[in-house]
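You will see two complexes here that share chain A, one where it goes with chain B and one where it goes with chain C.
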Partner chain A sequence: MLDAAMLDAAVSAWFVVLQPAVFGALFIGIIIGTFIAIAPQGLGTPLAYSLLIPVAVTLPPPVAIALLLGMDGVTSFGDSFLPVLFGIPGGAGSQAIILDGAPMGRRGEARRALGAGFTASILSALLSVFVWILAVPLIGSILPLIGSPELFLLVLWGMSMVSVMSGSRPIKGLIVAAFGLLIAVVGMEPFTGVERFMFGQLYLLDGIDIPVITLGLFGIPAALNLVVRRIGKEQPAVKLVGSLWEGIKDAFRHLRLVIQSSLIGLLVGFTPGLGAFIGDWLAYGFAAQTCKGARETFGTGDVRGVIAPDAANSALDCGALIPTTLLGVPGSLTKAFFMLALIMMGITPGPDLFTKHLELLFVMIWVMFWASLFGGLSCLIFIKPFAKIAELPYTILTPMIVGFGFVGAFGTNRHEGDLFVFLLSGLLGLVMMRYGYPRAPLVLGLILATLLEKYLYISTQRYGFAWLGRPQIMILLPLVSGLFIYTLWKGKQSMKHAQEMALREEHAADPPGSQQGSSERGLK
Partner chain B sequence: MKNKGPTFFALFFAVVFLAAVWMARNWYFTAKLFPLFAGIPGFLLAGVQIWRELTGWELRHNVSGVQMDEAYDDSMDAALRRRRTIRFFSWLVVTAVAIWAFGLPLALSVSLALWVRLEAEQSWLMSLCFGAGTFLAVWGFFTKLFGLGWPPGEILRLLGLPHLLS
Partner chain C sequence: MKMLRRIRYIKFGKVFTLAVLLVGIGLASDLCAGDAPEVAERVYTAADIKITDAQRRAAEGFYRGKTIEWVSYTNPGSGTEMMLRIMAKYLPKYIPGNPRMGSVQFMRGGGGLLSANFLYSRAPKDGTAIGQISAGTHRAYIFKRKGVEFDLNKFTWIANYLPQNHRLIYTRKGIGVDTLEQLMKAPRVNMGVTEVGHNFYNEMRLGIYLLGFKFNIISGYSDKEIDLAIERGELDGEVDAADSFLVEKRHWLEQGKVVLHWMSEPGRFRKLPNVPTILELAKKYTNPPFGPKDLALMQTNWDLGRYARYLAMPPEVPVERALAVQEAVGKMIEDKEFFQEFSKLTGFDAEFTPGHILLETFRRLSDQPKENLELWLKLTGPEPLPKR
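Moving on, here comes the complex of A and B:
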């Protein structure tokens, strides 16, 4: 149960979130997140984080958190538009929605599919916020036992995400992750003063700013993708017809499925390394096995096939925040971005957040609560204008991305070197995509390197190599190793499962825009 | 040589890792620990990848599977794709140079307006709206509202107008 200090923090955080500046930032975040999720493919949450972090870190922490989590919290809602209306995947967790969402859209039930999905997402997100609140005192009780050596192990566990983020190319994923770790050490080493890989450049003294790299890595290829393929001009959408109310009722009619899928999403989100790409497929597969008559109707436009992945996707987003905030282990790539923002604001996620910034922790929780509620409701209310965003042409989107990109890159330090790094990272991102190197492990390496090195240094300085013999380490090491192996195994299994599902998707009746369907893959 | 591009890209990684390990070898233990931790396995893995590319291993073993990133869409005409990519990148480079020369608010607004008109082939009105919107957002929001000025462009500085629209 929450103790008095926690209750105090929870109550005062509630009022902090209701302050005009924080609530305003939350709304701006919700608008940006919805836009990013619905906009034609090529954009995504990592790009949104890359664009927002340089601005967010200049704001007071509660405002920045409201902006970032407001954006992040609603992307799972908007993710349903593209699968239902165009038959193409939206964000990372919306791959499985296509299987039943697209046929429903073609059958004239787009509004029903979206209504069911949004309602399931709202219910699932609220349930996840509740679980998050319960996790605070539970995890808080074991935090006094966790020191730098244990944190080092936990962050190392977070690195196991590389295996999943690499998909069918593990070696390439590991290469870029190592490359990310290497880029992160550029600059003056804080403990010994050694200048690492600086080549005499003063600009590199404090290292290369990670947001500048991620802006180039995700922003430039996204804008280029829109320009090269002239996206948004020739995508045929299905008509937005059907009964929204029927969809809302569907979600309540299948409440057990919503809860079941939410729990799957929470579990996947809580386990670093599994990621959004797997959660929706697992929930869909489980629903296909457990729902009555699903074997005959799933894949042909069964509303339960929309509810299950949508609920899982939404819960996963919140579930991934639990290890990110309470343990300092990013539950997914987007949460690694969130971690980066916190670190840049001088807040170390994990025990530090718990002991020094408890109020901020609850600010995060309440922000997610409001984001889920308003995000979902606004999707239900403004379904028609939101659907129009999906048809925006590249001629509007490209200058926006490029403009934000330059402002973000140059605005970080106001140094010309950042412009060069921005363009170079964009070029690197393009070549990586061209030759099949996943970009996400590079970002993970970049972000986690700082924490890994810090914890390793403190552990070695304080305990020598005796830290390996600490009782907590003796317990955690086999546990983390076991989880690491489990993550690898589970990732491989789920990948196989996803491949089978993707094959099924290809065999399904030709959805509009199906040519582009295979090109967007999960980055969450 | 088959797979020339991918091989050279893997070779690029191998060279970077090798150089990093070589440079770090004489540093203090704590300073070199991490570069070695990343560099040595990175170099070995890049070596494996080079071997795979040279021998066509990936093609033989059909390593396509599930992608965890946007897959490169090679359904388009290669020449058209290359032409559009080069044009787009040239525009980015020119914009970056313009920011250095004239400062961000002015350079970015003009650059985006010109792109909307010349590349996206929108009307002059639309183009001007984009330019003005960008200027208002960047200059008005950062400079006027928050008082966060942008560094003056080098050319404007030479002309004795360092604070013009910055």
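Moving on, here comes the complex of A and C:
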């Protein structure tokens, strides 16, 4: 149970979140997150993070957290618009929704499908927040057993996400992740002051700014992709008709399914490496096997086929924050971005956040609570104007992305070198898309490299190679290795499965293995 | 009676001579050990800035309605940026004419050199730009590192607002090093630090060099991770700023969880008067005995480690504006509300050191013999230390 210090932190964090600046930032985050999720092709949370991090880190930590998590927390809600209205996947975790969401949309039940999905998402997110609160004292009790060697292993476990992000291209994913690790070592090595790969350039002394790289890597290809695919001009949406209220009632009618799918999502989210691409499929598959008559109706427009993946997707998003914040292991790519923001704010996720910034930890929890509640409710209330965002033409979006990209890249350090890195990363992103190299593992490599190197260095300096013989390591090492191999295998399996399922839908032509989802299609 | 008187005189004369001799020997030994400047701490205030009313009026005329831009070497969101944010809130109140505080230009990179170069040559020289200069900047200048495009002596130095002049070396209890003698005999003591070359790292290396401690210095931790690592037994101790130690870890001291070994400065720290200084220990324990070369090394370490956070303006800023801003920084630090907020949010007590004192220190460092600087460089590097 929560002890007195935790209760104290939880209560004071509640009031911190209610401060006008924090709550205001939360709302701005929700608006940005909704826009990002609904905008054509689902511009992607990584891009939103890349644009927001340089701004967020200049704000006081609670305000920055509210802005970032407000944005991140709401994307899982908005993810349903594109599958239902266009029959294309929105975010990473909204692939399975297409199977039943798109047929419902086509037969005039778009509002019902969205209503059911949003309600299931709200319920699921609130349940996840509750589980997160319970996890705080639970993980707190094992923290004293976690030293630098164990942290090294946990971060290594986080690297297993590469297999998921790479989909059916694990070797390419590993190559890209290794490249990310290589870029991350540029600059002065912080432990001994040795200069690495600087080529005499003073600009490189402190390393390359990760947000600048990710801005280029995701921003430029996303903008060009919109132009190539001419979204908003050539892809008409289905009509937004049907009963929203009926959808809300559907979610409550299938409350057991919501809870069941939420638990699946939470479990997947909590296990680093499984990632967003499996959660909705697992929940969908499980629902197909356990719901009455599902075998006949799933895939033809059954509302349960929308509720299950939506609930799982929402729970997964929140569940991934548990290892990210409490253990310092990113539960998903977007949470790796969140982790990066925390590190840039001087807050190291994991034991440090847990013990020294307990109030901030609870700020995150309450922000997620409010983001889920307001995000879901606003989707329900403003369903019509939000649906219009999905039809925004590329002629508006492309200049916006490019403009924000340039401002974001230069604004970080106001150094012309950053603009060069931004453009170079954009070029790299385009080449990677063209030749089928997933970009997400590169970001993961960049973000986790520092932590991996640090914990390995400290462990070896402190214990020599004796750290490999620590009891915790003896338990964790086979566990982590096993999970790594499992996720690699499972990732490949689920990709095959997803492709088979997706073929049943004429619009779902994109292999869900890629983190960028459909946004990559246009340039291939 | 005469005899008696003579004996008394003789005895008094002998005792007097003996006493003079003893005092002389004592003084001589101290002189041999070097001129240890065990002076009381000089506390500076805004009153130390000699600015006339006419100069203040001239500055007021200039600053009214103006906006001051900041240039900082740090990351947005870092602890140093937090300090800047608090100062930007309070400083305008004390600058004549109450200028507005504009945006902060974060110029991370080059270990602080990029922002220093920018401030030196590209920032406006009229007094509307203030730079937060990294502690590594003057080291880079003194050691003539690549990328330095400024003359340190030509900056308009405003103040140092955060002295780290009292660094404390401590270990946790229960590892068998409860006394200094035990610490000297301990075969391996795991000490944590953020990075090689940090002031705290240099302090430990000085201990190894002078007193032969067997410290296994493990770098790479963040400040807070060190505390956690000490709590879980991964580390045995660390060096910390004494002020922040007394704010953040006082409970460790009160619960008897730590042993304090020494302080870094030549004079004892007024808040921990029972903790000896490294100078005292070096005089007592070094073998071969403590000499002028050791003292020179210590002096360099004091000078390079004493001031940790500087404010400066570009060169050629009109004197009255520079003085007005210097005085404003002094007044701001004397403001109780500022002091409390700064202390609460950063964990440090702000302290004012005027720009001319900084300049004196930098000049002293620049004028040092080359071999002393080289020895100090070895002290702060990752390679094994040379023998004394």
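Brief remarks follow.
We take it that the second predicted complex is superposed on the first by the 504 of 524 C-alpha atoms of A that agree within 3 Å, B and C clash if a C-alpha of one lies under 4 Å from a C-alpha of the other, contacts with A are read in each partner's own complex, and residues count from 1 in each chain.
Going forward, a contact is a pair of C-beta atoms (placed from the backbone, for glycine too) under 8 Å apart; a residue touches a chain by one contact, two chains touch by 3 or more.
Source: prediction; values computed, not measured.
Of the two partner chains, both chain B and chain C are touched by A:F191.
When the shared chain is aligned, no partner comes close enough to touch A:R107: not chain B, not chain C.
Of the two partner chains placed around the shared chain by superposition, neither chain B nor chain C is touched by A:K249. Contacts of A:V57 after superposition on the shared chain: chain C is touched, whereas chain B is not. When the two complexes are overlaid on their common chain A, residue A:R470 makes contact with neither chain B nor chain C. Residue contacts after overlaying the shared chain place A:P399 against chain B, while chain C stays out of touching range. When the two structures are aligned on the shared chain, A:S148 is found in touch with chain C, with no touch to chain B.
Shared interface residues of chain A (contacting chain B in one complex, chain C in the other): 58, 191-192, 194, 414, 457, 461. By the touch criterion stated above, chain A contacts chain C in their complex at residues 54, 57-59, 61, 64, 144, 147-148, 188, 190-194, 200, 202-203, 205-206, 209, 344-346, 348, 351-352, 355-356, 412-415, 417, 454, 457-458, 461-462. Those residues of chain B that touch chain A in the shared complex are 5-6, 9-10, 13, 16-17, 20, 23-24, 27-28, 30-31, 33-35, 37-39, 41-42, 45-46, 48-49, 52, 63-73, 75-76, 81, 84-85, 88-89, 92-93, 95-96, 99-100, 104, 108, 112, 115-116, 119-122, 130, 134, 137-138, 142, 148, 150-151.
Only residues 42, 58, 164-169, 171-175, 178-179, 181-182, 185, 189, 191-192, 194, 196-197, 220-221, 223-225, 227-229, 277, 394-395, 398-399, 402-403, 406-407, 410-411, 414, 416, 419-420, 422-423, 426-427, 430-440, 445, 449, 452-453, 456-457, 460-461, 495, 498-499, 502, 515-516, 518-523 of chain A touch chain B when the two sit together in their complex. Contacts from chain C toward chain A in the complex involve residues 75-79, 81, 104-111, 113-114, 146-147, 190, 194-197, 216, 218-222, 224-225, 227-229, 231-232, 234-235, 381-382.
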